[in-house]
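Labels run A, B, C and D following the written order; every chain starts at residue 1.
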Amino acid sequence: MQKSTLVRLKDDLEIKKPVMLVGLPGVGLVGKLVAEHLVGELEAEKIMEVYSPHFPPQVLVNKDCTVRLVSNMIYHGKANGNDVLFLVGDHQSTTSHGHYELCSLYLDVAEEFKVPRIYTLGGYPTGKLTYDETVLGVANDTKLIEEIKNYGVKFREFEPSGGIVGASGLLVAFSRMRGIEAACLMGMTPGYLMDPKSAQSLLKVICKIFDIEVNMTSLEKKAEEMESIMKKLKEKEEQLSFQEVKSTEEDLCYIG
Amino acid sequence: MQKSTLVRLKDDLEIKKPVMLVGLPGVGLVGKLVAEHLVGELEAEKIMEVYSPHFPPQVLVNKDCTVRLVSNMIYHGKANGNDVLFLVGDHQSTTSHGHYELCSLYLDVAEEFKVPRIYTLGGYPTGKLTYDETVLGVANDTKLIEEIKNYGVKFREFEPSGGIVGASGLLVAFSRMRGIEAACLMGMTPGYLMDPKSAQSLLKVICKIFDIEVNMTSLEKKAEEMESIMKKLKEKEEQLSFQEVKSTEEDLCYIG
Amino acid sequence: MQKSTLVRLKDDLEIKKPVMLVGLPGVGLVGKLVAEHLVGELEAEKIMEVYSPHFPPQVLVNKDCTVRLVSNMIYHGKANGNDVLFLVGDHQSTTSHGHYELCSLYLDVAEEFKVPRIYTLGGYPTGKLTYDETVLGVANDTKLIEEIKNYGVKFREFEPSGGIVGASGLLVAFSRMRGIEAACLMGMTPGYLMDPKSAQSLLKVICKIFDIEVNMTSLEKKAEEMESIMKKLKEKEEQLSFQEVKSTEEDLCYIG
Amino acid sequence: MQKSTLVRLKDDLEIKKPVMLVGLPGVGLVGKLVAEHLVGELEAEKIMEVYSPHFPPQVLVNKDCTVRLVSNMIYHGKANGNDVLFLVGDHQSTTSHGHYELCSLYLDVAEEFKVPRIYTLGGYPTGKLTYDETVLGVANDTKLIEEIKNYGVKFREFEPSGGIVGASGLLVAFSRMRGIEAACLMGMTPGYLMDPKSAQSLLKVICKIFDIEVNMTSLEKKAEEMESIMKKLKEKEEQLSFQEVKSTEEDLCYIG
């Protein structure tokens, strides 16, 4: 357990050239929300667990009060008859070295299953509190970019201008070195809080790509909850601004 | 000394299937207080020392002005005729990697002595200044949970909701992979200061588990000292709040 | 990809005793600006890429929305008929260990091509907002210092007094151990922002050393942009000071 | 250069059972000041250099504008006819792991030369601005403590209560494991600034131990300079307190 370790939970897997979908925690938890929603809706089955000393030294508590080590997991499911591998997890690496080590391990798995294409999912932080349903993309191949444009994904020159930090970006770059097509699809999001609304926009694109339909009720419910939280935050903000105006007026009182 | 190192202080140890009790420094020092109190009361004997470059690069000074390297130690004692190993220490690992390495080393020792069960002790931070004598538990096995409930330990779904960071949690998760039963028992504590009162609550549970009685005078004395410190802190806090109210009134003076 | 890795893009390179010019990101981006400007003007060709887990775990996005891994690169060009190697890049190492590892790797390349001399380029932070066109130098050999003085580079006892952190300094020190002459040339710069004006001063010195002339239009344009930004910053600063004075006067109002 | 490396500058050294004196940078630079003063006064000769990726990735600039890599160095000198090794340097390790690695390397050198005793020198931070000429000690052997008391070194139970961080402490603890007597001697110091006055107190003790006399003029001069700086700091502090009192009075003005 002192190196990143892959634990196989199933023997004799029959998986044919699966597309790999990666939704690890990141900006707005957008990618994680989408991938885990699909794991649930498509009743995908956990086939592998990944443990690593590059994850936080932490356990999480299950409903029945047993614990499990922080991990990443690979699920196998079917979308419209085609095999799909889902890479999801509790945390990304806490170190730069770990990012390189873990992404390398994930691509070993991808090669083992002859994965022809990888989609990594994430959020693109806008820094604004307004909603934007755009899904932005980058990829490791210009042909792939042309294809993905058909699903409504936007591609903007040099964007994200600050690059992409973490597994979502690294996997796309590393995939090229292994001859695997890969794209990173990002839902626009304020970036401050979990964003199930942005996740819905991204999920719609994924559904088009896989030519499937999935129930989004749980995401919609989460989105409503978050919207009500954001509304309260906004109200507080406005109150604060109002108070500032008031206190400025008061400040003026004793000067004149 | 460039890797974590186990130093054996005794040969020919006759220890039969000992339960292991782990009390390393953590929230409120609750686990450390309980384990070290038992080491003293049960006159346990130090049998191993663990040194590691993952501990801070620090020495501590003894009463006679000699120094000793920061370390973790394993003691051997008897509780009601049964062998017990106590894992205590000055520090936990300062790195994530070190946590994985050291927990692995501790479980090698547990396997060597055929330890059937491990209790890791810790504190559960409530963030409130009021006292709560609850002892909360998690475990690596549902049967074990049922058994431990009999000793008054509470189990709450998904709690601690933030998981458990450090050796107390990792050892429970890793134990499962080695076929060792393990539970983490946590005294509720404000979490800001050393909490000997929470340690007493936890110690009472441990005494029930081991079917022993121990003198708690020293813990009670420490608890009284801490209570007097907390009382002073609270008074200061109230004074501060009172001043705030006053200063608000004063602010109003020169506006009107 | 779990160690620093050199990727060769060209076979059968015919390069004769090239001088190596190093312009990695650093204070005011002065060294990077100069080296990348020369790579462009001399139409140097990329011959090697260096990847490392000591760089940030990040990809950058190209104009066509493909991504590339953060890297350092070596270019080959000709200056006045002589071979020159340019070492440029997106980032320096994020760890101390990585600095040692990468500098070692760069000097392996230098030895392979029988590089007789290395110039590392950087900025010298003055902490003042005024412009200074001085270029300051240090070297690993006193004869080399005498030679470089002829190109207008200034050498001041014990300066920079705080030493030089990063690859620019390490490469000069390590070069000596490999019998390679090396000097670090630093443009004076406020150090807060990208400084294309300081880069121009440094570039002029490099042109003298290589006995070449290069078009500086793009650097001049960047310098104008930065000057307009700095002007705005200064104005804001003055406004703020003015406001402070005013508010002090206002404060006085209600006391008297 | 990717591991800590010892470079030998001299062959055929004739050194008989030398005492080792360690003065690396630390609290108040007390140990460094004392050891480097002795290196100068006893005209000790540099015999080894230690480089390490655990030092900052930095070069320092000499008077003649050549650079040298940050390093630790071992000097050989004679005190009253007896051989002495001095371990001095620019920096301590920046990582916990590096502290363990480097101390191990230093003790390999000590064993090679059959060093019978090591004194590590340091400062003991009092947190007060008043001067205290006490020299405090800890050691790895009670007999050694009794001997050193004769030189005026004070030993206080459990002090320093927070232990000793860094090479000064580790070397004393590690020495015991190698059968080498070792003590850490600490000059009391405010701990905020370089403290040549505390260094003088410590140097006097060392002179007694080695039965030598050394010229202290340069340390006295440095002490005077620092005293004048501290005087100015105190004046500023008092001015500030005075202003606070004034401003409190002014605050009261507009309330009443």
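The definition used in the following text is that a residue touches a chain if its C-beta (ideal position, glycine included) is under 8 Å from a C-beta of that chain, and two chains touch if they have at least 3 such contacts.
It should be emphasised that the depicted structure is a prediction, and the values quoted were computed from it without experimental measurement.
Peer 1: Using the contact definition stated above, find the chains touching both chain C and chain D.
Peer 2: A chain counts here if it touches both chain C and chain D, and no chain qualifies.
Peer 1: Can you name the chains that touch chain A as well as chain C?
Peer 2: Looking at chain C and chain A together, no chain touches each of them.
Peer 1: Suppose chain centres are the mean of their C-alpha atoms. Which chain sits farthest from chain C?
Peer 2: B
Peer 1: Which is it for copies chain A and chain B: same residues on both faces, with over half shared, or different residues?
Peer 2: Looking at both copies, the contact residues mostly diverge.
Peer 1: Express in whole angstrom the distance between the two chain centres, defined as the mean CA positions of chain A and chain D.
Peer 2: Result: the chain centres lie 51 Å from each other.
Peer 1: Centroid of chain B to centroid of chain D, CA atoms only: how many Å?
Peer 2: 36
Peer 1: Would you pick out the residues of chain A that each touch at least 2 other chains?
Peer 2: Answer for chain A, listing residues that touch two or more other chains: 254.
Peer 1: Please list, in label order, each pair of chains that touches.
Peer 2: A-B, A-C, B-D, C-D
Peer 1: Which residues, counting only chain B, touch chain D once they are in their complex?
Peer 2: Chain B residues touching chain D: 1-2, 53-70, 94-95, 250, 253-254.
Peer 1: Along chain A, where are the residues that touch chain C in the complex?
Peer 2: Touching chain C from chain A are residues 93, 96-97, 99-101, 104, 137-142, 145, 155-161, 163-167, 169-170, 172-174, 177, 184, 254-255.
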